[in-house]
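When the chains are written out, they are named A, B, C and D in that same order, and each has its own residue count from 1.
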Amino acid sequence: MFSVMCLLTLSLSAQREQRSRIVSDTIFSRVLNTERAYTVYLPKSFNADKARKYPILYLLHGMTDTNSSWVEKGKMKPVIDRLIDRGEIDELIVVTPDAGGSDVNRQQNGYFDMQEWEYEKFFYTEFLPYIEETYRVIGDKQHRAIAGLSMGGGGSASYGQRHPDMFCAVYAMSAWFEAGKPDAERASADPNNKVNKLMKAAYENGCIRYVDEADDNRKKQLRSVAWYVDCGDDDFLFDLNIRFYQSMRRAGIPCQLRVKDGGHDWEYWHQALYDCLPFVNRYFNKVR
Amino acid sequence: MFSVMCLLTLSLSAQREQRSRIVSDTIFSRVLNTERAYTVYLPKSFNADKARKYPILYLLHGMTDTNSSWVEKGKMKPVIDRLIDRGEIDELIVVTPDAGGSDVNRQQNGYFDMQEWEYEKFFYTEFLPYIEETYRVIGDKQHRAIAGLSMGGGGSASYGQRHPDMFCAVYAMSAWFEAGKPDAERASADPNNKVNKLMKAAYENGCIRYVDEADDNRKKQLRSVAWYVDCGDDDFLFDLNIRFYQSMRRAGIPCQLRVKDGGHDWEYWHQALYDCLPFVNRYFNKVR
Amino acid sequence: MFSVMCLLTLSLSAQREQRSRIVSDTIFSRVLNTERAYTVYLPKSFNADKARKYPILYLLHGMTDTNSSWVEKGKMKPVIDRLIDRGEIDELIVVTPDAGGSDVNRQQNGYFDMQEWEYEKFFYTEFLPYIEETYRVIGDKQHRAIAGLSMGGGGSASYGQRHPDMFCAVYAMSAWFEAGKPDAERASADPNNKVNKLMKAAYENGCIRYVDEADDNRKKQLRSVAWYVDCGDDDFLFDLNIRFYQSMRRAGIPCQLRVKDGGHDWEYWHQALYDCLPFVNRYFNKVR
Amino acid sequence: MFSVMCLLTLSLSAQREQRSRIVSDTIFSRVLNTERAYTVYLPKSFNADKARKYPILYLLHGMTDTNSSWVEKGKMKPVIDRLIDRGEIDELIVVTPDAGGSDVNRQQNGYFDMQEWEYEKFFYTEFLPYIEETYRVIGDKQHRAIAGLSMGGGGSASYGQRHPDMFCAVYAMSAWFEAGKPDAERASADPNNKVNKLMKAAYENGCIRYVDEADDNRKKQLRSVAWYVDCGDDDFLFDLNIRFYQSMRRAGIPCQLRVKDGGHDWEYWHQALYDCLPFVNRYFNKVR
């Protein structure tokens, strides 16, 4: 018993010396004119090896969540730790920005530019440069991937589609790939309504249409990214996920698809990390 | 070294006492007016316990295969043995009938009745009763399941659809669920062509249309069977598999779907046994 | 977008009608002369079907945890829900009693009887009968299993060993199977020390010695229970787990062993539920 | 139906253009004074891209097998193909040399040097250089790994131990890590007996003792290799595998261990390839 306790104590203190960390912090955005939070995973060696640079995964949250959801609900830390410890993935940075939330007072939401809320401009001109400078990110396409769930799954796919020079891999979970065409009457009746704005942006950035309308040049660009679609057989977005995959296949763009048991929930996404992280890791540092 | 060899010898002789077996045999069919082969898996206790009766899985082969393919190409025996040994499934009988083959001289093929080749009549009035009598099968719906790959996947689904009182579970792998409507001109030009006949039968027994056209009574019957669709993301029958699943869901008939990595090949089906056998086993003996 | 939200709302309200629940409550123990907490999982049909009885899994916590740890840290609810939803396990009750905790003021700990703290007497004469009456548990060996982690892994194994007529299956995770012989001098110097008491009890109820000393009759009893040992390759209790397994094998008592990647942490135990629940479920209702 | 057949035909012809191959060939060994067979897997791009060089895995067979066993019994080709196709591993060469067999007339066996049969000398001075020249192998430690089953598991571990400058990773399956000390009397009574020679060599090259006797310098060398031990819970070599792992851990040499369900059989080793290949692939090209 004493030896058990000693072992426990020793192993805890050994871990304290050098261990991975979750940090939540904020950045002030001039584009959005507000403070924006983010949550970042820093690997074991981060503090000790001040010269080392890392690959990065942007891991996007869904519609009713925030930057801390992947840690708190998705329990991402022990999964990343374990995959690194067993050598299945290399040390990396994982960061989740805040793209809104369910709070009625938070009037903006989503990963796209909208009227008076240029989130995408913020992401590419402020957030990404700041993160990659601050946390010693290698900072090229071959060491940058993007993933996300639901609204963030659509966001990650759309970012990957429109910035194929920036991301080597996209992993979309239970993704909301596209919105239907907004009702013009309803939209004009309440143009400042947040949901109307989000719907309009999600329609305009529809990922399926983006593939269906791709010419040869765009297809070639899309082939420079590694794609993975992961969706449960009970997910209410199942049909959208299948349509995206079928469009990709028709366009001749290699894409993995997995349909596992489950619905639109955190247990599904927690498990999805076990496939997502090794997948993006395989493309880090690989010349395609 | 000697001890290693002794252990090897001992463990082999221990296994010899009571072990599972693969038997290939034939049955003469009056319906088809020919000898038909089949291959059957008999569990460890089969010979020792002469009074024991077993549940049964009918495991159908694909278009260019025969009754022995699941053993020779699918390597089904070690999978069944292992799942029984670890207690994940109960002892059962697994049988594969011969539904044709690639030989050009073998003029008939498939699981459906055709002109001058009433395979389905043979299956239900001769083959199934003979097997269940000969190999001590329990012989009711709650101890009888059906599965198959490709053409046999479609066959298993169609048998399950049209005999929901006979099978408690259907597991369709990479299934050819339905053929397109045959070209009338081509069909009439060569009415005795084997492929034309098979195509006609596969069209007439289309599994997707069977669900889409189901009234409430048929839906209720279909809900009395447990359904599982398993298809690789690179399978050329992928779209058909998705359509079947979507029809089932629209009709409100519970159905599992898994899309794993892979195509239309034996390695996929070998692995599928690890999901298929525990699935059907769960429904043996269960009152729904 | 609106349809997405509608679907979300509808699916949430549908779930509200009949859903599984986690309940935390207390029972007053005359044996221990104190209130003891417990946490119980009740399946979907529990409220609707007032006549139905269920199998039960006693799921024990570890040394520094309490009755709520399996829910809060182990995230057991979504795993149980999903396994039931996909039909992999049947509806069941899962209950975690409180066996102490890290609080220095809580002077007692563990699953064994100690001087002035007859926990085992409480468990078998008060807790188990109360739970099985209150939550409509079937209440025989063939519908009762026990599992646990670390100290609770040892607890579950010891309970299964000494009550083989009560449990059909034992699943021990990262189990503390045995304590070394206590130092007599230290123990007598501080006889009321909680850790000393616990160590003495853990030594006296050592699971490995219990197997090593088993005569034919005890072995026969132990064979009437299904055993499973699950321990990570980085677990500090690894050697103990191997020793237990080797003793079981030497004694000719069938036992499964799995060593997966990982250590002594909640992510390991969360994943272990995916093996534990189907394992115990297979033995519910099975005559051995 | 026609379209199904067309698709089948098209996909087959597409594969013909560029596909992976299994080649069996021989090399004449001056060291052994005999022709020795080998079997090699060549990836899809091998013929088309004549300038490309590849990493290599030496995959050793067991005591009663030959160079073709991994293809014929282990069904390694579809596993390698699939892992490459899904991008989980990079294209590589896999080769199995012939280390003897069950034939009574084949008087030599195993991976070690024996009197009048310097197999290891053959392997390092003839076989490896020939293979790496002939099949465009990159040819440094960071692109060379070794794995094997049973006698070949011990062989791969021993080769990795005594040539840590040559292999970046070792994956030992169901390995025969060590033989007991030979009985001197028996050995001297029949010094030319093949089994006696093999036993002596297996004792002298015992992998567990090699770790236990390691000084700091040797430990440092062993840490430059990535180690993985994979053994079924029903394997008759289970205890040896555990002892090797425990020795490695005591010596502070990182080593993965997995114990899955199963015994000493080809279904176990077929499945082990799904872990082995991604494991060694992760260490190709990685500076440690």
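By definition in this document, a residue touches a chain if its C-beta (ideal position, glycine included) is under 8 Å from a C-beta of that chain, and two chains touch if they have at least 3 such contacts.
Everything quoted here is computed from the prediction, not taken from an experiment.
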| item | value |
| --- | --- |
| Between B-D and A-D, the pair with more C-beta contacts | B-D |
| Listed pair (A-B, A-D or C-D) duplicating the B-C contact set, over half by residue number | A-D |
| Distance from the mean Cα position of subunit D to that of subunit A, given in whole angstrom | 39 |
| Separation of mean Cα positions, subunit D and subunit B [Å, integer] | 37 |
| Shared interface positions of subunit A, touching two or more other chains | 86, 256, 261 |
| Subunit A-facing residues of subunit D, complex | 86-88, 226, 256, 278, 282-283 |
| Contact footprint of subunit A on subunit C as seen in their complex | 1-5, 7-8, 11, 75, 78-79, 82, 85-86, 176, 179-180, 182, 195, 198-199, 202-203, 234, 236-237, 261-262, 265-267, 270 |
| Parts of subunit B lying in touch with subunit A, wherever the complex brings them together | 233, 239, 242, 245-246, 256-261 |
